[in-house]
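By written order: A, B, C and D. Residues from 1 in each chain.
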Amino acid sequence: MGRIKTFIHDLLEEQYAPSLRARVFRAGLIALITLNVLAYMLETVHEISAPHRHWFLAFERFSVCVFTVEYVLRVWVCDQCLVDDHPVLCRVRFMFRPLMLVDLLAILPFYLPLLIPMDLIFLRTLRLLRLARVLKLGRYSDAMQVFGAVVRNKKEQLAVVCFILCILLVVASSLVYHFEHEAQPAVFGSIPESLWWAVITLTTVGYGDVYPVTAMGRIMASLIALLGIGMFALPAGILSAGFVEWRERQEKPKVCPHCGKRIE
Amino acid sequence: MGRIKTFIHDLLEEQYAPSLRARVFRAGLIALITLNVLAYMLETVHEISAPHRHWFLAFERFSVCVFTVEYVLRVWVCDQCLVDDHPVLCRVRFMFRPLMLVDLLAILPFYLPLLIPMDLIFLRTLRLLRLARVLKLGRYSDAMQVFGAVVRNKKEQLAVVCFILCILLVVASSLVYHFEHEAQPAVFGSIPESLWWAVITLTTVGYGDVYPVTAMGRIMASLIALLGIGMFALPAGILSAGFVEWRERQEKPKVCPHCGKRIE
Amino acid sequence: MGRIKTFIHDLLEEQYAPSLRARVFRAGLIALITLNVLAYMLETVHEISAPHRHWFLAFERFSVCVFTVEYVLRVWVCDQCLVDDHPVLCRVRFMFRPLMLVDLLAILPFYLPLLIPMDLIFLRTLRLLRLARVLKLGRYSDAMQVFGAVVRNKKEQLAVVCFILCILLVVASSLVYHFEHEAQPAVFGSIPESLWWAVITLTTVGYGDVYPVTAMGRIMASLIALLGIGMFALPAGILSAGFVEWRERQEKPKVCPHCGKRIE
Amino acid sequence: MGRIKTFIHDLLEEQYAPSLRARVFRAGLIALITLNVLAYMLETVHEISAPHRHWFLAFERFSVCVFTVEYVLRVWVCDQCLVDDHPVLCRVRFMFRPLMLVDLLAILPFYLPLLIPMDLIFLRTLRLLRLARVLKLGRYSDAMQVFGAVVRNKKEQLAVVCFILCILLVVASSLVYHFEHEAQPAVFGSIPESLWWAVITLTTVGYGDVYPVTAMGRIMASLIALLGIGMFALPAGILSAGFVEWRERQEKPKVCPHCGKRIE
């Protein structure tokens, strides 16, 4: 029993030095997750899903089986690395880890309708939860962890910029609502509706479904665009700097110019 | 009297070491301001404001009361930290501080119509002033101050870039007006009208309400787009660098953990 | 005579230590240039120019007089600083300096029609030359010179990026032309016409007057957009870095960590 | 024979110290390639290509001749620098170099239809291969090599960002499909179709042919736009940093002019 547990633990959870066997196994899981995401997307194409409905269903069932077994095994072997705790308590705490919740979310949309009777609208929303499977990739890729580290490293500046962006959105939508409301009551019907215009303009998407037509509205929109667009590009600039710094930190062991010793 | 004044001063104005009581009180004020901004936005949604008009009015009255009391108390206690001056003179000078003017602006739209009879259009514009309440948040957040510091730190480069952007806008709108005026007299009726095109194109919003249709106009617009778009992304790049530097300046001076000397 | 020449030279050309008198005089010239640009723009607004046509004409005549006198005086006094040359040769060479050519271009549109009979279309194009007056501002602002220095400093990277952008534009327009030509012969009529789409898409303006509609065209356009948009933001990133570096060079005298002496 | 080979090798392949003769010859080849690309583009303009069809054909034949001779010569002389190998084997290996494959691709569209009978659609696609000639420029310009070096240098960060962008595209298109499918079955017919919306929105192109109209769809799109647009600007930021660093690396190692020691 103990040897099986160790074997499975090595297969699923060992982070630092996974065996070749574990790496092959995990590559298989990554492929399965990717195929699931592809299936989720192709299922909405009527020409593809209609004639192959049973294949999609079979693949969904197979995937849920694998993911369920994976989930159960993860919970079972979790006491391998969390030994200093009560076996039940430690498992409950383990189940509330973010990645375990994602794993649960990824299989729930299959089991819930079997347990609770549901109406169609709720079922459709539940299907959306299957998207959580794409987040399961987070466990196997460094990308997410690097990205998280960069965001955490720059969180102060990002918070400052987010606060300013929020205020800018409120001010922009209020001003343009004030000047455009009478000329275009349909699209600038209220400030929350004008927010759509403000977001689409300040992110420079500019679909062209909503735009000011009065002289004052255009002057305001121009000023807001000129002032605001720089703001909306700030997070990208800050994150880029974060990515570049992150790599430098990886590569270069800094050395103190006075004593020549390495500084972290 | 003196003890009440000190108490209120600590509650409202103490910057460096506010007591827990002051921090709770200020959190309440921040919540009230945020609710005010939300109410300002929701009031324009007819479906929400029509049936609850009296609630919105009551909340507005309550907020103005609180903000008025806050304003009066701030003016009253301001001599706590500005003691070396004549009590009236110092208060007048205090009232002209930017944040105090914002506070005044935030309550004026309520009192002005009571004092002076006004027509409807002016009343509507006055309502816009209630947006000043969002700026009251500036007092309680570091974001605004950080942002101000970053802009001030990079003001030379920003001025250079702004000057170049202005010239670019004038040249772009004149050139495209010249080539498009005859083909589209409605949208390129004059150079100031073409400025709308220039702003929307060079900020890359591109609604699609105005675009050149002649061959020469398109060639000009392409050249301007290729040359100019880089320019419009410059402020963001400069500000991003400013934010990153600002944080580095916060963190430093770094000290070598081995020899204790400062590292630049 | 010599004293007048010195006086005018100080007024117009002295770069390093202009007297107060010269600075006031130059501020006047800057104001005149700015008013000229504004007049140029407002003249195209029929509602403003029609009833005030004689005012615009008078202002134009006055400006041309001032700029002509300025030009002649500049040529006259140029031997103050270029003494080691033949007086005529040095003046001719002086007249071919970029800023002097801009000055000439700024007054030519007024004199040329008086000298040579012209048809209406050429006259209209000539009027466009009055825009050169905006470039006269370059003489009085550091902005242009700083900008020039930054571009020169980063010219290698900018050249690399420009070359890649050109190739990207050619490949993008050719590919989308290939897939969209049959579905939309009107807008994707030829590769040069598709270039308009490529420029408007890759600069992320996206007016929405031209976009692919076939599946293959959209897939190509998506890939090009994802790959190419990063490229088009590169010049801005490189220039931003240049601006930031430029200021650092202004501010910080670097010091060698080995000998402590200053390095340029 | 040997001298002719050496002469041609110097003309075509010598990288480090090409003679003046070689540089003139290569400039001629670059001009020919550029003219080919221009001809490729102009051939699609009916007004130009129809009356000059025989000129285009003659130029195409001439170009293919030159490129074929160039290709054959390159293969012939390749043993000048790869001497330590079997003459046939080394040539075969040489022919599989990327730049040699590009050279082959650039002439194949002319020869293939002569060898194999083809239908019209395949012929048209084959013509697209002539675009490969633009890549022949890569051999003669540093730009491509610099660009390649920068991308390679930042490949880790770019991979992280690409992975996150893919996940973002999948999540964005799924969410908006879910909320917009019923309101706009024509444009949000399936998730792969929604991907077109996601790409055009997150790259901020925003043609305006597809946009959400339901309240929930707009809220989702706003959130995605605000979160995601920063992500899509990241590659540009990372590459810009790469370009700036690349140049710094070219310039370095800096040496202190006072003590002669190297400064990092």
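Note that in this section a contact is a pair of C-beta atoms (placed from the backbone, for glycine too) under 8 Å apart; a residue touches a chain by one contact, two chains touch by 3 or more.
Keep in mind that what you see is a predicted model, and the values were worked out from it rather than measured.
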Pair with more cross-chain C-beta pairs in contact, given A-C and A-D: A-D
Field: Chain pair equivalent in interface to A-B, over half of contacts matched, among A-C, B-C or B-D
entry: B-C
Fraction-based call for chain D against chain C, same above half, different below: different
Message: Rounded to a whole Å, what is the gap between the Cα centroids of chain A and chain C?
response: 44
Message: Can you work out the whole-Å distance between the CA centroids of chain A and chain D?
response: 31
- prompt: Where in chain B do residues touch two or more other chains at once?
  reply: 195, 204-208, 232-233, 236-237, 240-241
Query: What part of chain A is in contact with chain C in the complex they form?
result: 204-208, 237, 240, 257
- request: Mind listing the chain A positions that touch chain D in their complex?
  value: 37, 40-42, 44-46, 124-125, 128, 131, 134-135, 137, 141-144, 146-147, 165, 195-196, 199-200, 203-209, 232-233, 235-237, 239-241, 243-244, 246-247
Message: Considering only the defined contacts, which chain A positions touch chain B in the complex?
response: 154, 156-157, 159-161, 163-164, 167, 170-171, 173-175, 177-178, 181, 189-193, 201, 204-208, 211, 218, 222, 225-226, 229-234, 236-238, 240-241, 256-259, 261, 263
